[in-house]
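Next come two complexes, and both contain chain A; in the first it sits with chain B, in the second with chain C.
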Partner chain A sequence: MAASETLTRLRYKYLPEHLLGELLTKRWIDNVVPFFALIVAIIVFGTLIPDFFSASSLADFGRQVAEFGLIVLGLSIVMMSGGIDLSVASIFTLSVLVSLIGTNVEAWPTPLVILVTLALGAVCGAINGYLVGYLRLRAFLTTLVTLIIFRSIYDILFLSMSTAIISGFPDSDLLFFIGEGDVLGIPFSLLVAAIIAIVWHVVLSRMRPGWRLTAVGGARRSAHNAGIKVRRTVFFAYVWSGLLCSIAGFLFAARLGSTGADTGVGLEVSALTAAVLGGNSIGGGRGSVAKAVMGAVLVLLLTNSLVNLGVSGPITSTILGVVLLLAVFIDMRWLKHRNRLLAKVYVSPAYLTLPPAPDTTAPGSPYALNDKLRNVEIIGLGEIEGPEDVILDRDDNLYCGTRLGDIVRFFGPDHKRSEIFAHIGGHPLGMAFDRAGNLLVCIGGMGLYQVAPDKTVTKLTDETNRSWMSVVDDSRLRLADDLDIAPDGRVFFSEATIRYEQEDWATDALESRPSGRMIVYDPKRNYTHTDIPKIIFANGVCMCRDGQSFLFAESWTCSILRYWFDGPKKGKTERVISDLPGYPDNINRASDGNYWMALLGMRTPALDLAMRMPGFRRRMARRVAPDQWLYPNINTGCVVKFNDKGEILESLWDLGGENHPMITSMREHRGWLYLGGVSNNRIGRYRIPGADPNWCGQDDYWGPAT
Partner chain B sequence: MISALKRAYANFRGFDTERRAVPPMEGPLKPNTALDDAAIALTLPDADNLVATAGGLACSTGAELLTLELRADPTRATPGLAVAGRRTLAGPISAIASDGADALAIGLDGGGITVLGGKHDGRKITQADGTKLTCVTAIAFAGPDTLVVANGSDRAKSADWKRDLMAKGASGSVWRIGLASGTATRIGQGLAFPAGLAISGSDILVAEAWRHRVVAFAGPDAPPRALLEDLPAYPGRILPASGGGFWLSLFAPRNALVEFVLTEDTYRNEMMATIDPAYWIAPALRSGRSFLEPIQGGARKKLNMLKPWSPSWSYGLVARCDSRMHPLGSSHSRADGRVHGVTAIAERDGTLFVAARGSGVIVALKASRLAGGAA
Partner chain C sequence: MTSREGGAEAPGRRAGRPGWKLTQEGVVFALAVVLFALFALTLDKFLTAGNLVALVRSVAILGILGLGMGLVVIGRGIDLAMVATMVVSVSWILALSDTGMPLGTALLIGFAFAVAVGFASGILIAYATIPAIFTTLAMGLIVYGSGRAWLFQVDVQNTPANSEFFNFLAQATVLGIPMMIVAFAVLAVIVWALLKWTRFGRFVYATGDNPSAARVAGIPTRYLMVAQYVITAIIAYLAGLIMAAANSGMSTRVYNSTMIYDVLLVVVLGGIGLSGGRGGVRNVLVGTLLVGVLLNGMTIFDIPYTQQNLIKSVILLIAIVIDSIVNPRDEQTAQQEQGDI
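Let's look at the complex of A and B:
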């Protein structure tokens, strides 16, 4: 191996390039830009401004963040619902005034003040909500009008009450604590805001009301069609916005104890800047508490620091405006290009070198070419689409899955008539009968299911344990592929890959990354666990006759492996075959004690070479349309028989794939071999010369029927 | 420096600076199944170099020169063909031209030109003005004593055309050779595999395969003038049509993956060094014969069908062009077809015979079918 190739191999082994694409699939990746902007701002202003990190300035900053953050949060909630709330600043100032009237003028007890203030915020929000949500007025104009109205009310009340407010003095320890107090060194108001933020984070990201809110903002009509009460959701978004603003107003009043004619002027622009800067989409449907908090801190940091540095007010406002413009621009570009970027970088091929393929034309080769599968009997021609696996029961009935999500049963012994045995959805793939005669099916995109003889469908499992270091959530089963059942009832099944859906299996071939796994489901404990991670496309599974191990196919390395789940070699994996001329799919038992294996496609020298050049494949994935990509040659059908020492005994071919291209499974039953293919429209039936005419897989596994 | 940066940026953004985007088959080149529907006149493995001669047709398979006779077939609209004579020459035949009378000029792959019959019978030409004619891809008589010859490449034989393409060969040349005097005049050089020739008045038309175009030379060493560019397939032989204009055979389709591989030097060199040319990512005269051939995503059989629009390494295409080489119409054999790799065409008695070397058949089409509107 050349030195440069060794370098390539090491690079692709240790540099986790695929993580970039996986990170981009995460929703929180939007936060990266504001997060780094925040870090940069802290570093810049921290060095420019003396005493930036002193306890007193941090505490003061914390209290401001609490008040401003709540306003931004309220605005963000409305924005997520697809609207906008310009009246946040007016509701805030009105709340400040009402709080001060309560404390300084009327001398109400503090809890009453809180209650009245919150009620005021809720009412103001409800007015907005009713107008925008139920009467369906334009959010921008409506809240612009309420902004003016609430502000005017403030101005009128402030004129008549300002003297009384200034002359009065609240005598409440509670109020003082709320305004100035600390808990463990943290300003109390910051603590309150933090708790509110955490609750909202949970609501928005983990709970139904939050998801509905985002759904309404993302696609109003779809949300309506999905049965979400759109108007009510919008209404409550404004109510919550008003409430959060009034909390901010109360905290402000408690801290300063006074208000002025310019309190809250221009605050809506700052809040809007903060919300957008944090990454909340103006169009709705995309946003989070983290974004609101980051935006709020960033804007507050900017304005406070500029004031500290002696920049005049109008210039600060101008800078803020420019920042808002920039944030809107970046938001738009990001939204537009994110998916394109993801599509470009997600496919991340790995380095893979395969041993030389056996020469199928060599004299005496067990792979000797023939056309034995060319002219086989055909079952269900045109009636079924995509029988990935086939299986037969003791009564000679033939079962197969179809891409329409059905399991079709052809009645024995002639298989002329058929019925839909069960409709499950997804694409049923590997199948096996358990001891009780239930049909267990791996379903691409869904998981492991069971169909009882009386046709009832039960979901057995659709998730496994999440691995610690995975970026994508690998607990859900994406592509459960094939299964087999141990004598004690444990089900071992393969998940081909966690990075792609079933339709994109060939893209996984292009990547050839260890992203498949072998999973065990224990029906006694209803427990699912990943037994063998990091398989390069885990495919067919077949129990060995020792009852302690099974064989499984690792497709893209052209290998068959054996895993012991019991006995003295428990937990060990051994490679049985590693140089197949094609990519192995399902493995099943043969009547003579050996095993059948389907090769879903054949290796080609051009693709083998490309496997050693990940950069070539990555560029191909970016530059060339997917239907022009290099694929395994699946237009040939091949089934081989091998023994548990890994020796190939014989091969059956359909060269050119006239009847059976891409054979993905085969099942021996009473002297015949039945052939399935994931993209074929038929099942084949080949008479095996000399095979036991009474052998049935179900009996071989579980003994004769009782 | 600036251009290097520009190239790096274009490469990063994936801009098509080298015109590597494969144009769609549309307009006059819209796909059909005319070649597949045509009657098979003769099944002949490796049929190539089909030309109309004074008495009938001639063609070659390997080193064998075959004379063919037309046989009227009352059940079909077009006549069939039958082999009337065979003669084995010194080496594989790469081109044949007829002067319309007795003489045939025959290009031998790697071995120059031999004239059979006529007044120059037995004349051998192995070099032109110092350039060895080792890759004679096309010959045309410009008069009873003058030949125009296309030498596809300085480096490769005609049979190794695939290697010349994947090595980005551009060492072809076109010559005017006097049969009596033996003098050779160079018409053009540095051509990317001239694969077809035709004489049109004072112009010499040359199909420059690897640049997917047909160019015209007005005289010796005159700059080439592009007549037809951006073809979706590699152009081969050009034949003057009886109704005016030309027939153009295109022997293999262009393919986005091949164009991509042409930009990938490491992969391409490794592929050429270690893999049998039959299994390269490269155009071919025939495909789908072995499971060792690479396939592309769109060429997977779905529900047991190979879709006709699948990307394919081979294809069958003949275009009818007007006198300025503008296409007027075309006959196709698509990815699932059985008339692939058209390397030669000949017209006789109103019938166009199409030799598909890839599929090993000669099919017959009514020449008038596509002649409509020919200028």
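Let's look at the complex of A and C:
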């Protein structure tokens, strides 16, 4: 048994299986396959075709990439908005013709030609945009028809103009430079295209218009409900597509100076193949400039190389058709199954051994069972939902957070009346008063907030330093859980996990993976830093009385640890308790110099055993509905008192959890113990026998009010 | 004009307009008649026997293709590969028989090819859930490209000289009506009966009207889709045979023309809504009539080919605009996982 278990332990310690799921959550993961396809294509065709990497062929290829890439980019922009634009090929061709008429026949100055060409592209795009955006026609069919319309116009014009175009000759250095020139060895047109691509990348990924565009493509109805002008957004997507195609057309005209009857024939299929192959979804909402560029290079590489290898036109178009179908197929499957795959592989349980749970039934055990918390006084029954943490101020007012995103204040001393003290918007999970009497709150999903006595809400911090080796972006605070404040004002708070949202805490319990951490926020420097990484569900935090260290709960290992942030033992962490009978939550100071700790649930032998069987838990997560999983026993509430040395002094129970299941916090105040629970609809109040009836936590820690 | 064919009826009627009797079908039919009369009166060449035969020929093939297209469009699909299937399957037959293969065998091979193409499209659409318009666009490319690359070498394939089969198709008459028209009529009756009298037809309407509801109701929508594309391919194959007989050969240039859009024009003009579930064979007939008269008139007016394309495509665009106004899409079901394209 031991050997195989050691193997299991080593396997789960060193094989980073959770990374697969984390990688799948990344947006850029869609690009991996196209990227490797591109690399493979370059290697294959580079070896097959002589002079593939020669300067002249690269320059020529670069110019073609510039033109084709702009077209694909235009198409991709439209696809991101949830539509499709097949007329790109005809707009391109028409632009080539108009540019040539401008330069060769009418002999306009080059800037005027550019202007006219761009205007043409914009008008063609606007026609599409009006039809699809405002008249709500089907994008595919409509642009297929405008493809023929623009093409017919081209054919008609071309018949009458072709002789004049051939006989004319432009005499413009600027035009020549645009067509043939290069800057530092980079073809000018490629440079233009690269700049446009970078600008679009910034717009799409960092700016509001781009976000709106993808939002419309992702879910039109939701975008509309969010106040985005859907029709206008779609309209402009087509206008931009038309503009980009006309730029490509002008570059083409400047480079070749001629056009033929078959210019641009079938280009729409190549562009479509490129856009889809790069990973832009035909459903809209998913796409990027990088995808468009990769797709464009890939398709151009493929078609050029096939021509170079002497493959006939029909075969090339067959291959293109097959590639298109394959790319769409993979895209559809990927979109459909991505979330399912993610759900299957994301949960990645780790190996964990827990020491045997202490016996709670033995005579003399500090954990001796009782029902002391059964018949406690109830405060605010039914008025609040989910008071995870409770706190009292000097004036006996009781504060608690609720699931609805409020902090509710019950007025002392009887706590019958209440008001909404502040509305923050997220579930408050941990509270502490600072020296000035501000209430500092950890909000799940939001971060660390401050509520001043005059009820003004301020965000203190919602991000910390990004750790470079983490795949998940851990700079953002996902589940700030509990906090306490050092005498010098530094705020130490825990983040339970970086892998799950608050409502999925049970999944994190199933994983029991070190993905929580302790973070420090220094208000003097407005600086946030992760102090202790890799905690298995960091939970309650409580300053010790030495002013140099604090205690914190590591829930899923059933232990309490002590961390020194100052003094001779600075930076050290020590395990204070490691064999609790349940999973510790908040910790707070007691009036007699000891500490209270809430156990949110009890251990069970089956779950303890399952912790040593990660494979079993993974199968459970995959095959069984979440409400059928093994859970901590959260039906029994418990509060224990312990001292600095980690000795348990007494326990208070509510067996069966009739009044207080899943106790997540407790706070001693003037001889009473106030109990909160994350899923409860009440706060309990327990008279502590023999406790100092005048003790107030705020006065005790910060000194009496000045 | 007042009653519509069975399955099309319920969703097509909109509440609040009980007195509205003018259907798109009626308008188009009237338009065709007016145009026909106009051409007959103003163009002295129009009513000649030769011209009418030419009109009928172009109309017959478009009409046959329109029957197939109409069927898939009613089932909320589209088949842009019809022309490619037609050209390649028939060209291959002609190329095979040119090498000395008995015509019967060649015809069978061509038939099998067409069925295979339709089957492949259907599988990709129904099971791989690739949007029909993508699948058939790419399928057209693949079929044409592989045909040109491997199945036959020259652009124009001639029908075998003295082939009884093709001569029969081209020259025989029934009661003085050319065989082509008869074939069109027979096919129209078959498709009409299929849509109106068989379970298959009913299911096609149901699927086109609301695919998810049809699926929930237990209709095997996937088999149905595959069957639709197979039928379309077979119809394309038959149209190809008739075309080859009429022109004594098959030119691959047909694929590069805008013929597939003419077919779409027939269907959309005739009043088969692109959102599916509506219309029937009569709409195809009416659409065919109008497009045929239009094409013929333009040819007589001596409008160049390129400008004809422009006119046709603008008309198609207008027809689509009107269609989307008359048959608005259901916002709830329009944007699905493959987007609203």
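The criterion applied here is as follows: the second predicted complex is superposed on the first by the 700 of 706 C-alpha atoms of A that agree within 3 Å, B and C clash if a C-alpha of one lies under 4 Å from a C-alpha of the other, contacts with A are read in each partner's own complex, and residues count from 1 in each chain.
Going forward, contacts are C-beta pairs under 8 Å (C-beta built on N, C-alpha and C of every residue); 3 or more make two chains touch, one makes a residue touch a chain.
Note that the structure is predicted; figures quoted are calculated from it, not measured.
J.: Once the shared chain is lined up, is A:282 touching chain B (first), chain C (second), both, or neither of them?
T.: After superposition on chain A, A:282 lies in contact with chain C alone.
J.: One more residue to check, A:56. First (chain B), second (chain C), both or neither?
T.: Touch partners of A:56: none, neither chain B nor chain C.
J.: Taking the superposition on A as described, I'd like to know which of chain B and chain C A:160 touches: first, second, both or neither.
T.: So A:160 meets neither chain B nor chain C here.
J.: Given the touch rule stated above, what does A:680 touch, chain B (first), chain C (second), both, or neither?
T.: first
J.: Of the partners chain B and chain C, which touch A:602 in the superposed model: first, second, both, neither?
T.: After superposing on A, A:602 lies in contact with chain B but is clear of chain C.
J.: Name the chain, either chain B or chain C, that contacts more residues of chain A.
T.: It is C that touches the greater number of chain A residues.
J.: So chain A touches chain B in one structure and chain C in the other; where do those two contact lists coincide?
T.: Comparing the two interfaces on chain A, one with chain B and one with chain C, no residues are shared.
J.: List the residues on chain A that touch chain C in their complex, please.
T.: 82-84, 131, 135-142, 144-146, 148-149, 151-153, 155-156, 159, 217, 219-221, 269, 281-284, 312-322, 324-325, 328-329, 332-333, 335-336
J.: Considering only the defined contacts, which chain C positions touch chain A in the complex?
T.: Touch residues, chain C against chain A: 78, 124, 128-131, 133-135, 137-142, 144-149, 258, 261, 264, 274, 304, 306-307, 309-310, 313-314, 316-317, 320-321, 324-325, 328-329, 331, 335, 337-341.
J.: Residue numbers of chain B touching chain A in their complex, please.
T.: 14, 255-257, 260, 264, 266-267, 270-271, 274-276, 279-281, 288-289, 291-304, 306, 311
J.: Chain B touches which residues of chain A in the complex?
T.: 385, 506, 582, 602-607, 609-610, 613, 616, 619-620, 622-636, 655-657, 659, 661-662, 679-682
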